[in-house]
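Each in structure tokens, the structures are laid out below.
Two complexes come next, and they have one chain in common, chain A, joined by chain B in the first and chain C in the second.
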Partner chain A sequence: MLKIVRDLFRYNREFAVGAILATLVLAMAVLSAFSPYAPNQIYVVPPDAPPSWAYPFGTSSRGQDVFWQLTFALRNTLLFGFAVAILSRILSLVIGLVAGYRGGMTDRILMSINDTFIVIPLFPLLVLFYFVMRDGMNWVLLALVIACLGWAYDARLIRSVMMSLKTREFTRTSVFSGMRMHEIVVQEHLPYVLPIVFSTTLNNINWSIGLEVTLSVLGFTDINTPTVGTMIFWANQHSAMVAGIWWWLAFPTAFITLTFIALFLLAVSMNEYIDPRSRLARMGQGAG
Partner chain B sequence: MPAPGVERYRSSRDGLMRGYGVYVLKRFAQFLLVVFVGISLTFFITHLTPIDPVAQMIAGITAFGQSDPESVAMMREALSELYGTDDPLIEQYVTYWTRIFSGDFGPSLSAFPTPVTTLIGRALPWTVGLLMTCTLIAWGLGNVMGGLAGYFRNSRALKLFGVVAMGFHPIPYYIIALVLLIVFGFLWPILPTSGGAGTNIPQGFTAEFIGSVLRHSILPAVAIVLVGIGGWFMGMRALVSNVVTEDYVVYAELGGVERKRILSFYVLRNALVPQVTGLAMSLGAIFNGAIIVEYVFAYPGLGRLLISAVYAGDYGLVLGVTTISVIAVSAAVFLIDILYPVFDPRVQLT
Partner chain C sequence: MGEPKAAGNGAPAEEPVLSVRNLRAYYQMRYFGIDREVRAVDDITLHVDRDEIYGIAGESSCGKSSFIKTVAAANRPPLNVVDGSVRFSFLDRDIFKLGEEELSQVRWKHLSYIMQGSMNVLNPVRRVRSSFVDFAFRHIGKPERAFFDEVARHLERLHLAPAVLDAYPHELSGGMRQRVTIALATICRPEFIIADEPTTALDVVVQKGVLTMIREVQQELGSSILFVTHDLTVHANIADRLGIMYAGRLVEEAPTREIFANPLHPYTAHLIQSLPRIGDLSQKRALPGAPPNLADPPPGCRFHPRCPLAMPICRRETPALSTLAPRHRVACFAASPAVAPSTEVGEAARPARPAPSLEARQ
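This part shows the complex of A and B:
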């Protein structure tokens, strides 16, 4: 495992850059544990102070230290992404594996439903959901809803991998040796599918964080939980840009952008690592 | 008497046409399924959540001013009728569908008494125009550049283009739009950052109006294209670098076929097929993005309508825009699907 990481670091520039950025973002999120202020406290520092040694990222018009606020925001945003990714992975794994293994009618029905969820524009639905829930909207609920809507794309991918695995020799051997479907799928096929699941997880985190940021920037979530989106929401509420308090907008925007690029690069490098053809091409390039 | 080969050709062509008919029917069934599931989702969201939409709505009216008692009464009546909150759930569901089939979402609250459908009809062309242009530009440019980058693997300029495109790709539309707004609204104000056209210009097919529309659409379009291009670029580059190792490409090269011809007819044509499927599959996501971008730049399309309807507490309008979005996106996907055999002649037989 460590050797793989080392090799990736050496031969795969995307992985190296992605890993460094991801570490930086994670470190910020971990720092939230050492914050001198509670996340929801306001007017604890002088408002509108520009970045200085005392307040490295400045302070907001709500009297919050932007640096410490951002650590909480990144932590919550990342947790949100992980929660959605894990929940939707379960759905996409089950549906993808079953559809791919069973084939035939089961596959056709599941994939019709799957394609339906791929096509439906989710954002208006989420907005409608917020509109109905209003103050009942919270972090957990949003994660649940997004997870229930966001499994389809990856289920299709997992299905296609499963379909090719099914035609391999060892599947037939397992069937003839009397293993049952769930045993074959979990014990024999899952190990092959997991790397792909891992790379789709990274993409899914990106996707769900993107939705969360967008919804909360518009104020369509629980605006009292600090996330990167709600930080930008409050900055907009106080017209930070017009008032010249650029640091209130710039740091959250910069860090969330870094997060997206980090996760994306990691996912891309994972994909390449999984596909041996491109890996060989790259190693050849590195050697030559 | 025609030669047997011709006969066989004809019958296989008839088979193809019949195959295409079956294919279109299947895709149409899928389209209906999407609309059915999408609209049912809106129904369940609005009916199974513990909050009473009518009460919510009336609260919205009082909270946002506009509490002319007559209009409130009308709204309450229209809403109770629309949601039929006293009927059993299944009956409400049927009523809901009849409402949607007749395109009747009641009057809008925020622009009372304009019907919701009128507002949507006004906004839809803006969204369709912006979205279609941007998607075509992003898809076309991304595929061409990606194809070139996959074919000419050592070109430095193409590598640089790839790095830039990939850098923009994972960033959500809102962030890109916000940065563009800050740069071109505050730091270097050379482009209009809000609205669909200058307000003092009469609408019509005049050079001035069209010019103004184009100028206003630059920033939203750039935001959508910047996010979109990287995905197509990467996909196409990977596809092309796989296709170029195929035997028929090597054979064509050995046979002395011009490189330009190999690239456009042998390589790009084949690599393009999955990209068309990809376009159909990501249309929903692109639409989501366009909604946000429209809001940021106050572009008069569906996105701004939807979000300002939420702020105004306009239930009928939110529901109407959501429904129309589902129908419009799935119709667009259906269109791409039935054009798909043009790109891939093998598909229609199954």
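This part shows the complex of A and C:
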């Protein structure tokens, strides 16, 4: 495993850049543990101070240190992305594996639910959800809802892989040798499906963070939890652009963009790593 | 070769390991409200003795694979057993009467299966070791250490280094993979092995090695094998007795030497004639026509549209598989006047069948 990471780092430029950026963002998130201020405290530092040695990213109009605020924001945003990804992965794996393996009626029922989720327009639904929940809204709830909406594409992908695996000889042999359905699916098929799931997970994190930021910027989430989106929301509320407090907007935007790029590059390099053909091409390139 | 163990075809000296009686298995489908029935296995009766390799030959789509799937009770809808029984000596009842749980206890341990295209029996993303654990561990019922000792001994028997256990299937050559699958199928010392074209994808040299190996293992374990391939030369090498299938029916059955020396059914004769022989420069003639559509087989003998010896009776009546010489059965009116029409058997079985196909599907 370590060797794979090292080789990827050495020979795959996308992976190298992606890994460095991801480490940077993660390091920021980890720094939140050392923050001298609590995340929701306001007016703890002089407001509207431009970046300086004392306040590397400046301070906001609400009297918060943008650097430390951003560490909390990145932590929450990343946690949100991971939570959504894990939850939706569980859903899509279970549904995709069962639908693909069982086939027939089970498949038809699960896939009609699946297709319903694919065609539902997400954004209006989430906005509606916010207006229903109002003060009851928090990021756990939002993560749950987005996870419930984000499994459908991957469930279909996993199902299609499963349908092909189901017809292979080793599946028939497993059935013949007396293995049960859950044993066959988990022991024989899951290892085959996991790399694909791993690659789509990174995309799914990206997607869910994107949704969360969009909703937060517009104020359709719990605005008191600092996330990158809510930071931008508060900056807009205080007309940071008009007031010339550019650092309040620029740093969150820069870091969330870096996060997107990092995850995207990692997903691309994972795809290449998983696809043996492009791996071979890369090996040829390395030798030449 | 297995010398005659049972004199004649009547009562064998000991109970056969497998006896199949009047087995019929049809693909029953319903498309757009129209019931369609493909008679892939039609009225097959045969037995396989202990320590015997029984070969089944026939061209593609003659029902070979459907037959052995049914024998192992591994048939899935739409292939349904319509009639007949399959009994193994190690089972106290008909295999179709066993529950799913009992079946999975019996399979692999007593009855194992080398699948068609067995190059792909191994899971490409798991090491060979895991395949052994997945398929055989539960059946052997020994602690892990003893289990792997036994696996290693067994691999050695098949001239495989124990190191293959740590390899992924793609790291092995085709012949090695084939040997691993044979090792997997025989690790539990099953009484009965079904081999579905186990050598088809291999070149002739590897094929010969694999066949020798199957023979060796079979002799050592004393198991019986039902060996299916369309390749008659393979059968000539390995089978003790040979059954020829045509369009879902068994048309001839005899000890291998006998059938090659003295084929009685015109279809068998054609098959054997088509084999190249060293020194024989004569033009090989193809049999005109194609095997019948099993959804709508011709009346009477299913071979008659292509048969050079067809007589009027062949168009009306189905010949019964009749014993003409000791251990030699044939279903052809032209072979001997002693061959009787089997209509009464066929028609007698008919009325039992029209059970609605939905019911049979369960």
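Everything below uses one rule, namely that the second predicted complex is superposed on the first by the 288 of 288 C-alpha atoms of A that agree within 3 Å, B and C clash if a C-alpha of one lies under 4 Å from a C-alpha of the other, contacts with A are read in each partner's own complex, and residues count from 1 in each chain.
Assume a residue touches a chain if its C-beta (ideal position, glycine included) is under 8 Å from a C-beta of that chain, and two chains touch if they have at least 3 such contacts.
All figures in this text were calculated on a predicted structure; none of them were measured in a lab.
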item: Combined model on chain A where chain B meets chain C, clash or fit; value: fit
item: Which superposed partner A:E169 touches (first chain B, second chain C, both, neither); value: second
item: Partner chain in contact with A:P36 - chain B first, chain C second, else both or neither; value: neither
item: Centroid geometry (CA): angle chain B/chain A/chain C, rounded to a multiple of 10 degrees; value: 90
item: Partner chain in contact with A:E188 - chain B first, chain C second, else both or neither; value: second
item: First, second, both or neither for A:S177, with chain B first and chain C second; value: second
item: Residue contacts on chain A - larger count, chain B or chain C; value: B
item: Chain C versus chain B - closest C-alpha approach in the superposed model, Å; value: 12
item: Chain B contact footprint on chain A (complex, rising order); value: 112-113, 115-125, 127-134, 136, 153, 206, 209-211, 213-214, 217-218, 220, 232, 241, 249, 253, 256-257, 260-261, 263-264, 268, 277-278, 281
item: Touch list for chain C against partner chain A, complex; value: 72, 74, 103-105, 107-108, 113, 115-118, 120-126, 130-131, 134-136, 138-139, 184
item: Partner chain A, residues of chain B touching it in the complex; value: 30, 33-34, 37-38, 41-42, 45-46, 49-51, 53, 56, 166-167, 169-175, 178-179, 182, 186, 234, 238, 241-242, 280-281, 283-285, 287-288, 291-292, 295, 306-307, 310, 315, 318-319, 321-322, 325-326, 329-330, 333
item: Complex interface listing, chain A residues touching chain C; value: 168-170, 172-179, 183, 187-188, 191-192
